Amino acid sequence: MKEIRICIIGGGSRLWAINFMKDLAICKDVKGTVVLHDIDGEAARNNVEVGERMLRINGSEGRFSYVAEDDLEKALTGAELVLIAIEPGRTECRYADLCIPEEYGILQTVGDTTGPGGLIRARRALPLFFDFARAIEKVCPNAWVINYTNPMTLCTAALYRAFPAIKAFGCCHEVFHTEDVLCRLVEKEYGVLPNRRELRIDLTGVNHFTFITGAWWQGHDLMPLVWKKANDPGTFEDHTAIARERIQKEKWFDCDQLVAYRFLKTFGALGAAGDRHLAEFVPWLLVSDEELNRYGVIRTPYSWRLKNAEQKRAKVFTDDELVARPSGEEGVDIMMALLGGQPLKTNMNRPNEGQIAYLPKGRIVESLGYLSQDSVVPIISKDPPLAIQNLVRRISDEQEIALDAIWEKDDEKLFEAFLMDPLMHLPIERARELFSRMCEEGKLVY
Amino acid sequence: MKEIRICIIGGGSRLWAINFMKDLAICKDVKGTVVLHDIDGEAARNNVEVGERMLRINGSEGRFSYVAEDDLEKALTGAELVLIAIEPGRTECRYADLCIPEEYGILQTVGDTTGPGGLIRARRALPLFFDFARAIEKVCPNAWVINYTNPMTLCTAALYRAFPAIKAFGCCHEVFHTEDVLCRLVEKEYGVLPNRRELRIDLTGVNHFTFITGAWWQGHDLMPLVWKKANDPGTFEDHTAIARERIQKEKWFDCDQLVAYRFLKTFGALGAAGDRHLAEFVPWLLVSDEELNRYGVIRTPYSWRLKNAEQKRAKVFTDDELVARPSGEEGVDIMMALLGGQPLKTNMNRPNEGQIAYLPKGRIVESLGYLSQDSVVPIISKDPPLAIQNLVRRISDEQEIALDAIWEKDDEKLFEAFLMDPLMHLPIERARELFSRMCEEGKLVY
Amino acid sequence: MKEIRICIIGGGSRLWAINFMKDLAICKDVKGTVVLHDIDGEAARNNVEVGERMLRINGSEGRFSYVAEDDLEKALTGAELVLIAIEPGRTECRYADLCIPEEYGILQTVGDTTGPGGLIRARRALPLFFDFARAIEKVCPNAWVINYTNPMTLCTAALYRAFPAIKAFGCCHEVFHTEDVLCRLVEKEYGVLPNRRELRIDLTGVNHFTFITGAWWQGHDLMPLVWKKANDPGTFEDHTAIARERIQKEKWFDCDQLVAYRFLKTFGALGAAGDRHLAEFVPWLLVSDEELNRYGVIRTPYSWRLKNAEQKRAKVFTDDELVARPSGEEGVDIMMALLGGQPLKTNMNRPNEGQIAYLPKGRIVESLGYLSQDSVVPIISKDPPLAIQNLVRRISDEQEIALDAIWEKDDEKLFEAFLMDPLMHLPIERARELFSRMCEEGKLVY
Amino acid sequence: MKEIRICIIGGGSRLWAINFMKDLAICKDVKGTVVLHDIDGEAARNNVEVGERMLRINGSEGRFSYVAEDDLEKALTGAELVLIAIEPGRTECRYADLCIPEEYGILQTVGDTTGPGGLIRARRALPLFFDFARAIEKVCPNAWVINYTNPMTLCTAALYRAFPAIKAFGCCHEVFHTEDVLCRLVEKEYGVLPNRRELRIDLTGVNHFTFITGAWWQGHDLMPLVWKKANDPGTFEDHTAIARERIQKEKWFDCDQLVAYRFLKTFGALGAAGDRHLAEFVPWLLVSDEELNRYGVIRTPYSWRLKNAEQKRAKVFTDDELVARPSGEEGVDIMMALLGGQPLKTNMNRPNEGQIAYLPKGRIVESLGYLSQDSVVPIISKDPPLAIQNLVRRISDEQEIALDAIWEKDDEKLFEAFLMDPLMHLPIERARELFSRMCEEGKLVY
């Protein structure tokens, strides 16, 4: 049985950390210690209790011990695996990310990755990540570090900027959902619903703006099925009614891949993230709620975010809720692969060593990679059509400028990135005013 | 005395060809034959007469003989220098380029280089350039070919697409005007107004979207002067009143470099084309006439274009108008350098061999180059800040896709370029409708 | 149970084909048909009989049917997997490869990969590979093609030259042996002898001239052990006596990795092929038999090669010899991975898509790769020290020129490659004479 | 009239400095001060006197004042132009460069650029250049710096290593001689002997190992003439008798371009340096004096070098010898171009910004460049055939490793470069012994 010491930064989280602990409770091949660190120490201590109940409920007593630790360096000491899943600032900080741009006519569906919201969120988050990386360099430089926090690309890049030799990568489940969509196409055509891991795909891009350029199952090329769907006029039928129903039922995260297919039909590569994310990277979709709703996509209201955050904070788990079932996340599988268990091929966010030929080396990019004992290697992606390359590069360059700007604490430079963003088509002086307000009101507060 | 045979495609033009003939009449070091070819044979024959009068008036009888030739291949036969300065289609074709996008809220100042207008103009022009290149390959493959036609980048690229070994480059005077602006800064600082050729600049970009990253005169670094101007709050004062006066006086082409300086102030490199051109490459300036006018820039009305074209066509030159004075264009100087006269360093549009490190090889780019006997070599540019690189690359990629699309007669692919354009932020289906109407109404008609 | 149709080109071979059939007889998860094609039809028919006996002896009756087929296209029809392991020409052809250069003072240990011998062997072999690729394109373009023939790089490159969309790669066991050496270091240090697949290595180069830049086992960095060995003065003790004993015992293929370690000590990366191969790529080792023997390496005499070939041809297998034991080759594992079985990470020779950053794209290079269902993806290598990069590039450029030359049937160009070879330091005219004699006497004869 | 302050490091030289002062005495467009700095202060003071006599004799009194200054920093203070032309160490140091390798069978014609001699000379010279660069950074960072010292590439690279923003380049007249050869071909064909500046060439490589890939005069392509010469069997006739005569007459520096043509005939590009230099970069020519002499090339004896150095040191100039005639060097023309006079296109050694596409950026390479007021820009070279690219890259990589090694004072690493050199085909242990002896006996001594 493998043994490991894990540190979870953001260990007080009521969603991500709980799911990870469930997967740990199921996995019988590993034991050790999990240190929960959170800026909200109370929440971390709370989760220690939840973690222990969970082991008990799932018959895994004693395999892991859960510990809360308020001091970052102490929490990291001895860690072999560090997981980072934080919320950079109170939910109220998101008012600046989402609501102020809306006053200027700039709509965002998520606002945590790109667009004005993503950049101002990065401005809050990155200084924390610089600190994480410095602490890791100091006390556990050989640990593997997995980031789950958005903006994924910039947070992961921040780790490398502060500690270039860090063994870090970012994980995101958006691609899994696109794979599930492909699985359902397989089911429709071949009468079998495969597990997404049975698929083989070619994947390229930056986080939340990734593209599939090839897909296979059991030797069958799935792209003809995907193209058939994209070429079916029914696919792009007006989804306004569906969108309205979603709003009524508060199904903020549902989508039908109309945006993903629209990229395929227009530019030749299938979007490989949820439509809510994809829509934020181009200037043709978030032009109005009306237009967005045609694609069946809706925007999550700030008020709901506030309410939801409060509910999560207040959440008390019943025993029944702590019975473990696989979460669908891959954290534990990745850990096992790094510990020398079953190797794994999956999507990952890593510094570009050539896996994405059309982007500069060193940028954080998303492609497939191969994980095995103490090893993560990227797999070379096929180049997508030139238009897609350009759309992705636009984002990657914007991110690079933002990274430099936040590292150098240079808001003049950050404004360059802000203005370059595809959602930005305000007069420059108005963009500047928006930027100043967002910087002021979107500061980090806990 | 050098001797040369020149063919002017678009030889019936009342502006460009007349200016070139004036410069020829002044230059005493060369003699030969000029063949004027024009789709409007009458106009070419008219210019033969003008050309001969001009030689007489300027005391250069006999040095050149002017000939009109309707057949393209015959016109090119024996040519050592081919100049191409055409209008692709009647002025009425510009209705599609300029007025239809306006119905959709897309404003353009010039609409002949980029934006929806530039692309649809390219769709008309490029098949002609494919034909020119094929004819040149057939009858005068060793001739030097200089293109003056817009869209400059795409027309020059079209020549290389159809005849990869062509000895072609594109010339444009926009950079000269920016150099003149720098000269006036020198005058203000040092009390001497230099000739623009006394300056040394670093230049990079694609035609009409070029940037100056360094400038010197007599060993003085001029960038501090340029930055001083950019940092003077007075520079960006509201120019609406000036714009209104320009409209009233029909001063369509005047500008004050506010857009050029805005690029410097925001992104760190000085725009090196007229503001009317620069404004079309980014989504923050042509958001409304009101916003545009603040920069002192106005849009040329379609009605004036029609009127002006008619006047040029009907123009009868007085003897006095044919007295030659240097036109400020460099065509004759370039010709003399290629013939082995005084070498010349100037801006040029050429396939990228590495002079622009941040763009792929083979793309038509604008940088400095060095002309000497039968030789044109590009000079390596300094890289501008990353944001500028990205803005330029966006255009260059759009142009590459458009070139492929028009070469392959593939309007689906051309729509990719259309949608990628920085001026485009319509819903996709509306963009598609606009595209279809422009394709239909913007066809080549003479 | 998976099903497959395999075609073996060189199916009459008494060594490689027999081993592959043994591995097939052991593997219980697959069934199908194996078509043996050989220029020596008799040998192929002979092997059909051997193959069937082997199935019987190993209790695998009926799983595979063996068929001999003299016509190449018929043999390939329907194939899903093509294995190529041929001898290009009679063993007598090797006289030109090995003995003629010796007259000019050029010693070679193997002479089938590089050096004058490797190039002249390529001149015989490549036209066959162009034909194989054309036949594959015609009758089974979707088949996976694995090449085992030397010169590995050039033969695999020849397949891609003739049919660029071929799904081919080259396999070689030399790296396995180096991994075994590392396993023995592990045993010495940790008291456990691991299987080579438990190691993780960083691998880079071209076939037979590969280098290991990192190695790990169970999270232990093995490079300190390797360096310790390289820095131990005992390692490089004179091995002349050992070499003499090897000659006496006809142990032509034995070695002690002194050359491999010498590369590490001098240039910083461990050679990852047998010393007999490594020695041929640089000018400092094959300067004399005396010098070579100091490293414990000996040259295989041409006379022994002749004798050995005859013995193999005449070989009659006893039942006992046909009892299957794993051969140590990976052909069947690779096949199973491509059929959707257990994925595999292994070394492979593939067109460079960026896995070797210091070599041009498209060159056949050796790195790790990842095989899974119908998929082969290269894994990006770490760059070795600059000196190693240069030594490898020298070979890769030589190979590229040789490939062009043989494709274009241009012996003038092939002489360029010949002269560039690191073993060549003759006066040019003498090199030319040697080249002419080798071309003449090294022609393809069966 | 322009004014300038020049510092000559190596200002006591009896050849190069005298020639430069002659060219200064002729050039009537400039005045100023020349500071002569030399480790041999006596020699510098001697040259002050010579310089002043020369001005008088040539009627240029008062235009320049000559000053000797022993302190490096004082000598550089205020300099706008720095010329470096030194001998690194007494001539006796060259015993190690030339005679010791000969004991090991390694012959060198010059031994100051490449090969074991060039590397050990670099080991002596580079620390001086690091110091020069540091002093320049300190007291005259804006000065233009021209290096004339060999090994040219490494000395110029050393300046950039120690002061990356230095405005330095290296000048060498070897290409001029090749241009003169082309001029004589023109004369033979067209009956006119042009000045070499009337030619246009394509030039690529590293210093002393440069190649011409194209040449024109008056629009005539000269390459057919060059190829005709290379294909004429007479060209490569045995020149042993000529070589013997040269030895007898002590005509050490004469050659007939047989080596230059041999590169063309074998690899497709004409060598563009003297045969004595070219021969040192490949392993096929310096195999024996006999072989070398066939090409008409001879080796300069160490004894003659000693004698010649002594004669130069003792030299007293007669008035007649100080009557100025153009030296054929370009130093003064370059100075005038940088001062804003007549621009100049010439060959230069500069950091690679892309002018040599097949070498990494940053390496010191030789190509054409364009000089104008305070500006030096490289001109992009055409790629030579792949074999030439490889031969050049081998040298450039060796130089890069040597630069790193000498900068880091790491003789282990310097031995890597030593072993990689094309002239090196000794057993490694013997190479190591040679290296140690040369390091020991080739130390810097004045």
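Descriptive notes on the structure:
Order of writing sets the labels: A, B, C and D. Residues in every chain begin at 1.
One rule holds in what follows: contacts are C-beta pairs under 8 Å (C-beta built on N, C-alpha and C of every residue); 3 or more make two chains touch, one makes a residue touch a chain.
Values in this document were obtained by computation on a predicted structure and should not be read as measured data.
Shared contact partners of subunit A and subunit C are absent; no chain touches both. The minimum number of touch steps linking subunit B to subunit C comes to 2.
Chain centres were defined as the mean of their Cα atoms; on that basis the chain farthest from subunit B turns out to be C.
Subunit B and subunit D have Cα centroids separated by 44 Å.
Separating the CA-averaged centres of subunit A and subunit D is a span of 58 Å. Of all residues in subunit A, none touches two or more other chains. Taken as a contact graph, the chains are arranged in a single closed ring, with each chain touching exactly two others.
By the document's touch criterion, interfaces exist between A-B, A-C, B-D, C-D.
Every residue of subunit B that touches subunit D in the complex is listed here, in rising order: 200, 216, 218-219, 340, 343, 345, 353-355, 357, 368, 370, 372-375, 377-380.
Those residues of subunit C lying in contact with subunit D across their complex are 262, 266-267, 283-285, 287-288, 291, 385-387, 389-391, 393-394, 397-398, 400-401, 415-417, 419-420, 424-428, 431.
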